Amino acid sequence: MNADVLIIGGGIQGCATAYHLARAGASVILLEKDYIARHASGVNAGGVRLLGRDMAEVPLSRAAIQMWQELDDTLQGDTGFRPTGLINIAVDQADLDKLHARQNLMQAAGYTHEHIIDRDELLARLPHVNPACVGGVRSDLDGHAIPYKATNAFRLAAERHGARVLDSCELHALRRVGTRWLADSTAGRIEAATMVNCAGAWADRIALMIGDNVPLSHAAPMLMITARMPQFAGPVVGAVSRQFSFKQFENGTVLIGGGAKGFADRANNATRLDYAKLAEAARTTVEFFPIMARAAINRMWAGLEAYMPDNLPVIGPAVNAERAFHAFGFSAHGFQMGPVVGQVMADLVLTGRTDFDLTPFRIDRYDRKVL
Amino acid sequence: MAHDCVIVGAGPAGMAAALTLADHGVRPLVLDRAARPGGQIYRAASASPLPDRSVLGADYAAGAELITAYTASGADHRAEADVWHVGADGKILFSTDGGTCQAEAREILLCPGALERPMPIPGWTLPGVMTAGAAQVMLKSDAVVAEGAVFAGSGPLLYLIVAQYLRLGVKVAALVDTTPRDNYLRAAPLLAGALRVPSMLTKGLSLLHEIRQAGIPVFRWASDLQVLGQDRARGLRFVTPKGAQEIAADTVFLHHGVTPNPNMTRALGVQHDWNPDQLCWHVRRDPFGQSTLAHVSVAGDGGAIVGAEGAQCEGRLAALNMLCRLGRIDRATRDHLARADLTRLKRLAGVRRFIDRLYRPQAALRVPQCPDTLVCRCEERSLGDLRAGFDAGARDPNALKSLTRCGMGPCQGRQCGPIVSQLLADWRDEPVSEVGYYRLRSPQRLLSLQELSRFNRVHPAPEEAQ
Amino acid sequence: MFRSLRTDAPARVRVLVNGHPVEVPAGQSVWSALALSGQITTRKAALSAQDRSAYCAMGVCFECLVDIDGLPNQQACLRRVTEGMQITMQTITEDTKAEL
């Protein structure tokens, strides 16, 4: 098989990259070892969050949030995106001080999408919150989507533009011969001029195949979803300084996240939960929202996520190979940026440049310069 | 502090295992969801509310003896302890008394039992439609019966409950037998094997004879079943070689066989194999019930359908193996003590193969035939919805679940799972073994946030801890 | 129509089924209490709001979810009646709003 571009990994980054490339007329083959959105892109909490982003990510994240608003139309699909807004709750003055410090930083950079709210506004927007909370910060363009649906929508749109998506197809070996990439895979030999590494938790292995070494680590953030509850919370909810986050979907189910970690076992494609930590998350949730004491947990799980030491992704060209690019290491907050990352990767592949400053995301930012 | 052995489920397999362990000085922690030991088959056998429990049969009375022996065995039995997670790391989480407990075990024996094969016919979600097993449970636990019900389907458990109802003087509107005519021909070559345990065959035949003698309407070779009614069941429509029939009834009991309850073993991640004779997934095990995780064994119908007697054999075998692994007996002793049960299981397997062939359910009753018939009862997803999901690219049970929400409701796929795997196999034109099953998650029951937040650990009594 | 075959005189408890007082033998399942009271609808289906009722009676189908003493999602077939228990049909559909 031959293509202009070979993409490794069928998560949202890979599928979005395939979509943007195929739409621009490139021939694309995407390899996925399991099935689309099997790992982080399918089992994440579905948060579409601009609020509270690292300053380095804000430009990409802002562009992405604009794309999300029209993504269903763009892709002629169903991503499940709902712009419900997002509120991070402040429990005390220290939290509020933190919010004001950040706001100064944001204003200096010219960003105005985060709004600090007082206790009255918090109670008006979240009537079921514990009234001891003192305020918070909101962002109105944020919301949530259905991870599998959103990823699959990119995949289907990419396929409509001619991209070939190969499920259950593992990459065994990859090498550069002359001006071509030669890949050995479950589906046989694939040749391409350019390769893009979107392999998520396995991306460091792919990077190694082409000579790039990167300090990726793994963790398994745990999630719980409840049976349907009466509607009580519109916006996505988080906390300024506590491990706490949830969202209630239109169907009434409530997804509780917050960042408590289970055990990541990448070698076995598996994760394990820490129930004592989940019990703690349950206590925190009930403390913030007493109505949640009546919630019934239906499923608990953890996704395998890849982290960089600075919690920032790797986005950009390979340093030890030609015509190779990386987009991975999103450190459990890459879902929202998927749409724009796909655009950036397509731009890099097709034109060699992008409108965004990718300096903070260089793959060699942890390379040892001295012994 | 870890327990030497934790047994999940106090049915025939779990109780028999506990007795063998006790014989060798190991006191297991036994976690059972029910108020009293017995499992489904011996439910309330020691404390029946019925005026005369002998109508339930001699097997049920034998269950009472097992329960008595088990109760005296000294096992640390916890009633109404509902296990919702068993981990590969040996941790077991269960709900009890409004809180959550975590226990840890060197050896784990899972006896999750069976559940009834779904029969997704039009109207199967209407109030008044229940399973034959439900009729059994209500009768045994609470002496509650449904007057004038229709019983439809196939298999020994269906005939047993009908006979029990008739003995109790409860009116039965009809028995609608869906056993395909061809099954008799196909099962005939297996009859010799079944005759090695003649008592089992005699029991079955006498049940059918008893039902015919009672004079209730019995319809054979029935197909195309449909529950009548808009807001609740009003009757059953079906087709026999003599034409379409309708029976009025406000309760319809369905049954066409049982399958292992897969959720606990699936969520744990042990290997399963598709069994084309029983049309269900079996837990992959060695002759002692040891799963692909060495410290986890599975016994009874939760591993593969073996019936109550076979479950006791398997429970004892698993216990012997665990005793060996715990260093209480050596291998030679284990193998010596295992002989009788291994032989008995072989004989019982001959009967089982015959029953499986004879009562192999109709393919047309295992998957819906009408696009608007629900597959997923919890999330209300129909055959048509699933087909649309398949056409949108979801070819794997988990992808289909993510796309359509089929299997995401509180029952965790217990009803729709077998249907979805079979549908995908049909659509992909591949065997079910290639299609696979849902990836399942804990908890295996709905768990209130309040219960989870009240988190405790349970430890063995100090003298037992090593 | 469900009925009880009991001929002994067990201790009885009084429960409220959808607000109506019902007397049932102590220790029996909540589902049996509903069956004997004739109020067999346990819950409304989440999307269509159609009536649903117990199907398996052994804890695996989750059709018999009811509200017991203000706590929703209780399996009627697994819970047992106690004196004064308030059992209510569960009606959480996608449009249900939480009261403050």
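A few notes on this one:
We just call them A, B and C in the order they show up, numbering each chain from 1.
Please note the rule applied: a residue touches a chain if its C-beta (ideal position, glycine included) is under 8 Å from a C-beta of that chain, and two chains touch if they have at least 3 such contacts.
The structure displayed is predicted, hence computed values, not measured ones.
Just to note, of B-C and A-C, the chains joined by more C-beta pairs in contact are B-C. Chain centres here are means of the Cα atoms, and by that rule the chain farthest away from subunit C is A. Comparing per-chain C-alpha centres with the mean over every protein C-alpha atom, the closest match is chain B.
Per-chain Cα centroids separate subunit A from subunit B by 41 Å.
If you average the CA atoms of subunit B and of subunit C, the two centres end up 24 Å from each other.
Taking each chain's centre as the mean of its C-alpha atoms, subunit A lies 43 Å from subunit C. Within subunit A, the positions touching two or more other chains are listed as 227, 251, 294, 296. Residue positions 46, 71, 73 of subunit C each touch two or more of the other chains.
Counting partner chains per residue, subunit B shows two or more touched chains at residues 409-410, 446, 448. Here subunit A touches subunit C in the complex through residues 127-128, 227-232, 250-252, 291, 294, 296, going by the rule given at the top.
Across the interface of their complex, subunit A is touched by residues 85, 87-89, 91, 93, 100, 102, 269, 392-396, 398-399, 402-403, 405, 408-410, 412, 441-443, 446-450, 452-455 of subunit B. Those residues of subunit C that touch subunit A in the shared complex are 46, 70-73, 92-100.
Listing the residues of subunit C that touch subunit B in their complex gives 1-8, 10, 25, 27-29, 31-32, 35-36, 40-41, 45-48, 50-63, 65, 71, 73, 75, 77-78, 80.
Within the complex formed with subunit B, the subunit A residues making contact are 35-38, 42, 148-149, 152, 155-156, 167, 226-227, 251, 270, 272-273, 275-276, 278-279, 282-283, 285-286, 292-301.
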